[in-house]
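A single structure is presented below for examination.
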Amino acid sequence: MSIEVVGVSKRFGDFLALDDVSLNVRDGSLTALLGPSGSGKSTLLRVIAGLELPDSGTVHIRGADTTHVPAQRRGVGFVFQHYAAFKHMTVRDNVGFGLSIRKRPRAEIRERVDQLLELVHLSGFAHRYPAQLSGGQRQRMALARALAVEPAVLLLDEPFGALDANVRKELREWLRDLHERVHVTTVFVTHDQEEAMEVAEQIVVMNEARVAQVAPPRELYEHPGSEFVMRFVGPVAEMGNELVRPHDIEILPLPDWGAEEAMVRRVNHLGFEVRVELETTDGRRVAVQVTRARAVELELEAGQIVWLRPDHRGALRANRSAA
Amino acid sequence: MFVLLPLAAVIARSAQGGASAFWDAVTTPQAVSALELTVGVSLATVAINLVFGTVIAWVLVRDEFPGKGIVKGLIDLPFALPTIVAGLTLLALYGPKGPFGFSVAFTRVGIVLALLFVTLPFVVRAVQPVLLELDREMEEAAASLGAGRRTVFRRIILPNLMPAMLAGVGLAFARCMGEFGAVVLISGNLPFKTEVASVFIFGQIESDNVTAAAAVSVVLLAVSLLLLMGVAAAARWRARHEG
Amino acid sequence: MRASRRLRAVALAYLALLLVLPVGMVFYRTFEHGVAAAWAAVTTPDAIHAFWLTLLMVAVAVPANTVFGIGCALVLVRQRFPGKALLNSLVDVPFAVSPVVVGLALVLLYGRAGWFGTWLADHGIQVIFAPLGMILATIFISLPFVVREVVPVLREVGSEQEEAASTLGASPWQAFWRVTLPSIRWGVAYGVILTTARALGEFGAVSVVSGKLAGQTETLPIHVEQAFQNFDLAGAYSASVVLAALALLTVLSMNLIKREEVTR
């Protein structure tokens, strides 16, 4: 195991940020810490990095107990949401900072920085200052800076949170790509389930200071362990006392066994998929997702009466108290 | 410690003879008149400062003219210029040997002038940044709703500037109450006429009447600390209410 | 348009009458009888001694307050502890207190009859009526400047850069020298300039503790006052011009730093 967190709790004043959290991260894996704001995910990352001291519990990195080792000696690479670029240094000096702290020979630093700048596509920018870079470029520089010291683990705190949607998308793919090439154990924090699904091999869902579920993206989506996870990782429709994914509901033109009557309120054509908003006879609103072909076949339009049949394989029994 | 200990010494000294001795020291006719004069000239100064400081800040932010950069820099001059020099420069121009044929030396007008000089930057520097950040769209919105220039100023701009103006005034007042260097030459220090509190204290120290000096000092201390706390509390209140 | 021009005229006239003309007048009076006369007036032994003593005040007070100021700002911004609000307002006290009161306070502490007076006398240390007391007064008076300039900058810079440095292997000391200090350098520089200006010009507090002994405990501002009181107008004006020139230099460097900050 690359990172082992056991029974970590952390309190800020009255606020409980981490409540007896345990977590294992495999060597060389790419893991997402996913959760709503205030769920403790950033705090957990900072505890792993040594930027916060846990009130109780232990942190091991590559088998060594690092619970009380200060950040400077943990050998972690940390990337901040707002880049934390050293504004008074050039890109080259930023990336070379960790190596110069370690008093490496200049020639070696130079060579290593050149390699890294190439890796993050910033070769032509070595002499610029952070203020002269775009947000995406700054974040790539911050990544190169973290990688320069060959960290045992790479930790990223909402790395794309401050970027535009387009740049964000591009950087996600790029991070995956980079991970395949560098293969350093990587943990990143995000509140965006799509980002977690797209980038990570393993997702740790956090809620209210605890770990709610740990699973690969597909399993998480298809077999959520709780109502919270089900609702958090994708859209949900309520059918009777079950929670179902909107695409797991079949729309039938005629009554059938196990199907419930509903009226179409609105049909939204979103290119490939069609989102249908319906109202059941007892007044509940349900959103269903169907393919374009299916919508055409059913000739769906507002006011139409149809029957809905959920696919129980992907359904979860609603449990109000656990929400 | 470095700050507290000396002040503690002053307070202790003033309390040495008990409450009645303290009261006697503070209520001698000369002390009372010095304190009254100090408050009076400080109020006058602050009032003039409020008007002109705001006007200057306005001109520096909203107006464009050649040499504006130099004027902006000049505003800080009173902070940088030694106070004794400030007093001397005013005497050179408005003193008995000045070119205008009138003299404000040894008058209360002279004291106000000296205080105006040293406290000039307070209101300007407090109002300027607020004015700079003031959303012009707010004024445009008011104008589009039919407000005239005066109404816009009175109902939109002034309320937004008010906290900064008051903060500047508070600091300026505290400074006026304690100012010594700028006043000492121009005032002539005539007891009952042009002797302000700080000069009175100085005189009492010189004539070895340390207890009286300490007692009046405590009054000054209390006034300026209260003011400073008021300004800080107002700033906190504003920060909380305007995010 | 007309209204704004009138406002501009009012503002400029006020500044001219209050600031520019009086200061100009002192320059005029100084050089009225030629540069040689002015030079002679500022190079009397007492004036030269006052000049060096003033520089000594600055040379001690400014570094002391810079180190204290940065340290205090770091504590105020980065640490949480009970009594922080108290420390925060204590730092401002020297702004609020009359210089004369500061002088009196030091006399009461370190003077012959003061709290530490006997102990100091026993050890042969003279504070009051000696440069040591004047240095203490100067430090006290100019205490808040660096703190007040550095605190907002430090707050704006945030602690992320320091954290980044520590995850890259920098010790707190290295992070301070290589990351924190460079990023607050303009704030520090600004504070240092203000401190210098105040230390150069302090009159009230220093004159209480100095005893005003010409050629011994006279700083340049005290020299100005003494010369004026002794009807040596040439000496007072020319020493004032030296101080005013230093003040102008201060204002100039303040503006240069502001510009530097903006272009960053």
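When the chains are written out, they are named A, B and C in that same order, and each has its own residue count from 1.
In this section, contacts are C-beta pairs under 8 Å (C-beta built on N, C-alpha and C of every residue); 3 or more make two chains touch, one makes a residue touch a chain.
Computed from a predicted model, the values in this text were never measured in an experiment.
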| item | value |
| --- | --- |
| Chains contacting each of chain A and chain B, listed by label | C |
| Middle chain, criterion being Cα centroid separation | C |
| Between chain A and chain B, centroid-to-centroid distance (C-alpha), Å | 56 |
| Chain centre separation in whole Å, for chain C relative to chain A (CA means) | 53 |
| Cα-centroid distance, chain B relative to chain C, in whole angstrom | 18 |
| Where chain C touches two or more other chains at once, by residue number | none |
| Multi-chain contact sites of chain A, meaning residues that touch two or more partners | none |
| Complex contacts: residues of chain C adjacent to chain B | 3-4, 7-8, 10-12, 14-15, 18-23, 25-26, 29, 89-109, 113-115, 139-140, 143, 194, 197, 200-204, 207-208, 220-222, 224-225, 228, 236-237, 240, 243-244, 246-248, 250-252, 254-255 |
| Chain B to chain C touching residues, read off their complex | 2-7, 9-10, 12-13, 52, 55-56, 58-60, 62-63, 65, 69, 71-85, 88-90, 92-94, 98-99, 113, 116-117, 120, 149, 171, 174-175, 177-181, 184-185, 197-199, 201-202, 205, 210, 213-214, 217, 220-221, 224-225, 227-229, 232 |
| Touching residues (chain side chain A, partner chain C) in the complex | 49-51, 70-78, 80, 82, 84-89, 97-98, 101-102, 131, 142, 145-146, 148-149 |
| Complex contacts: residues of chain C adjacent to chain A | 158, 160-161, 163-171, 174, 178-179, 182-183, 185, 264 |
